[in-house]
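What follows is subunit A paired twice: with subunit B in the first complex and subunit C in the second.
And now, the complex of A and B:
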């Protein structure tokens, strides 16, 4: 039996989770919510993580009913993400690893999402759509790498949604994207927006600028409602994501799509993806908010795989990095 | 703590005493790993003298020095709190 503890804090979610041979023993999360109309800033987010990390760690141990002695490896997010929040959490991981005399495993955040998605859904070798506030990538596995088939060339899709939520002054609790999704359900009129797919890549910054200026004007003139704008934005950006995912599936001959990342809990995105997959005779795998949204268990799960295949980090190599591409990781734990 | 202004460079030295040498070593190993952000314009070095952790900062701009010292303070106290809470292994 191998027990892994995972520390995550690359963005506004702080999480500690414990996984033992594919079983999630605990997965505690504490989220920093910026005031409505504002985004979360690195400084405030890091202060939030420092304030709550020891309590979250204690609860994760208690809920899992394990003692430090039961743990085999201490896993933490090396990157990508915001520097100050990453450091705050990595510092605790490094400290307890020394106190408990356990090896450290440095995990790529994106790989954490993929491995958790595979564990929870049982998808074997899916085409992966990873969509969150900081990342937008279409990924497929080939020869010991998670290869990026397509990605955003500017901002992440979640960032586009979050920033539009700020325009509407929607609450950041539980998340701006969730509140957009709820409001979009009342939308009845489609407001035309730019549709920006460039080969296998997508772009969202122009759509955001457009809806921020034109959308706001339409709203003020009473030509549409805030709900109409949320609906139109979702339909447009999700259609773009489904398009590039379908092309990656066709290229790889894959019948499975796995959606991971915070935007992956959006039910409308899951529906649109399911329609596409069914037309191709394929299947969509998605997880709920426990595992879609950043959490500690996903870092523990990826770390568990890495540890078992011998990927441990020397303490001096555990520096965090804001940029860390998914395809930089050697996937030593897969044999296919 | 000691501040100094030598010619153009500003510097600051933090001396943090720990209860045991072992704890100072844990803090030293933990904190020396992350370099200062490249654009911070601050150089930071760590030294261990028995139970004393010594951190030295140097920067051209006082403002940047202050930011670096402040964030190091935050991380040092986080390590101290972590040791206090999880340092003693419970009897098995």
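And now, the complex of A and C:
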């Protein structure tokens, strides 16, 4: 039995989770919510993580009913993410690893999402759509790497949604994207927006500036409601995401698709993806907010895989990095 | 005349591929081998969005194929176009291999490097020619090129996302899309892709500005911090 503990804090979610041979023993999270109309800043987010991390760690150990002696490796997010929050959590992981005399495993955040998605859904070798506040990637595995087939060429889809939520002054609790999703349900009128797909790549910055300027004007003139704008934005950006995912599936000859990352808990996106997959005789796999949204268990799960295949970090190599691409990681734990 | 009549009966259509947006069937059209590319309704997206995209893409596809052929760039000839039925009937390129399959077939074989270099040289020159007539393909992947190794001929297909633009930025992004698709589909081909770019640079009149844009788009990607 191998027990792994994972520390995550690359953005505004702080999480500690414990995983043992594919079983999630605990997965505790504490989220920093910036005031409505604002994004989270690195300094405030790091302060939040520092304030709560020991409590979250204690709860994760208690819920899992394990003691430090039961743990085999301490996993933490090396990147990508915001510098200050990453550091604040990595410091704790390094400290407990030395106190407990356990090896450290440095995990790529994106790979954490993928491995958690595979564990929870049982998808074997899916085309992965990874959509979050900072990422938009279409990924498929081949030859020991998670290879990026498509990506945003400017901002991430979650960032586009979050920034639009700020324009509408929607609450950041539980997340701006969730509140857009709820409001969109009342939308009835489709407001035309730019639709920008380049092969397997997408671009969202034009859509955002268009809806920020012209959408707002339409709103002020009473030509549409805030709900209509949320609805139109979702329908447009999700159609783009489903389209590039389908293009990657056709290109790779894949029949499975897995959605991971925070935007992945959007039910409308899951529905659209499922419709697409059915049309091609394929299958969609998605997880709910416990695993879609950043959490500690996903870092523990990827770290568990890495640890078992011998990827342990020396203390001097446990620095963090804001930029760390998914395809930089050597996937030593897969044999296919 | 309806496409169905010309292509014999629909019953004789054989499904070749379900691509990203279309089903591609083989059939005969006035005695010639043809394919029917049918963009069926995508029910996952709003009907008005689907209609708009489909119509725009079909007409772009037909126009760009003609534009290529007019300038001596190989692309299938269009036989028939039916917007209401959402289908294009075009020449079936039967004397070649899908580039993706061709490259995969080279793996482990003899003279792989040499054959690959030869091939990417050709791709670079064809794309240079295409960009010099201000045509942006929009979906450059190794699934959208057909290669005849004996005659050293490259045919471009799938122009649904194509458009006309003289901007270096658009051409740079076109190459960027190809670069990622190429490197992710065919691991460890970085040197070959560089040969492709060198060939592009040699063959295109405006290559300098385009390659500079390509570098910019790449840097933008690498610099993104990817939070969350």
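Operating definition for what follows: the second predicted complex is superposed on the first by the 336 of 336 C-alpha atoms of A that agree within 3 Å, B and C clash if a C-alpha of one lies under 4 Å from a C-alpha of the other, contacts with A are read in each partner's own complex, and residues count from 1 in each chain.
In the analysis below, a residue touches a chain if its C-beta (ideal position, glycine included) is under 8 Å from a C-beta of that chain, and two chains touch if they have at least 3 such contacts.
Because the structure is predicted, anything quoted here is derived from the model rather than measured.
Identify whether subunit B and subunit C fit side by side or clash on subunit A in the overlaid structures.
fit
Answer with first, second, both or neither: which of subunit B and subunit C does A:87 touch in the superposed model?
A:87 contacts subunit B only, not subunit C.
Touch check for A:142: first (subunit B), second (subunit C), both, or neither?
second
One more residue to check, A:154. First (subunit B), second (subunit C), both or neither?
In the superposition, A:154 touches subunit C alone.
Taking the superposition on A as described, I'd like to know which of subunit B and subunit C A:275 touches: first, second, both or neither.
second
Check whether A:98 is in contact with subunit B, with subunit C, with both or with neither, and answer first, second, both or neither.
first
Roughly what angle, nearest 10 degrees, sits at the C-alpha centre of subunit A between those of subunit B and subunit C?
It is 120 degrees after superposition, to the nearest 10.
Please name the chain, subunit B or subunit C, that touches the greater number of residues in subunit A.
So, of the two partners, C touches more residues of subunit A.
After superposing the two complexes, find the smallest distance in angstrom between C-alpha atoms of subunit B and C-alpha atoms of subunit C.
Closest C-alpha pair between subunit B and subunit C: 14 Å.
Going by the contact rule at the top, pick out the subunit C residues touching subunit A in the complex.
Subunit C reaches subunit A through residues 17-21, 42-46, 48-49, 53, 100, 138-141, 143, 161, 173-174, 176-178, 180-181, 183-185, 187, 217, 220-228.
So in the complex, the part of subunit A that touches subunit C is made up of which residues?
Residue list for subunit A touching subunit C: 10-12, 80-82, 110, 132-135, 140, 142-143, 145, 147-151, 153-154, 156, 158, 190, 195, 197-201, 235-236, 239, 242-243, 246-247, 249-252, 261-262, 271-273, 275-276, 279-280, 294, 322-325, 327.
Would you mind writing out the residues of subunit B in touch with subunit A in their complex?
26-27, 29-31, 33-35, 37, 71, 74-75, 78-79, 81-83, 85-87, 89-90, 92
Which of the residues in subunit A end up touching subunit B in this complex?
Residues of subunit A touching subunit B: 46-47, 50, 53-54, 57-58, 67-69, 83-84, 87-88, 90-92, 94-96, 98-100, 315-316, 318-320.
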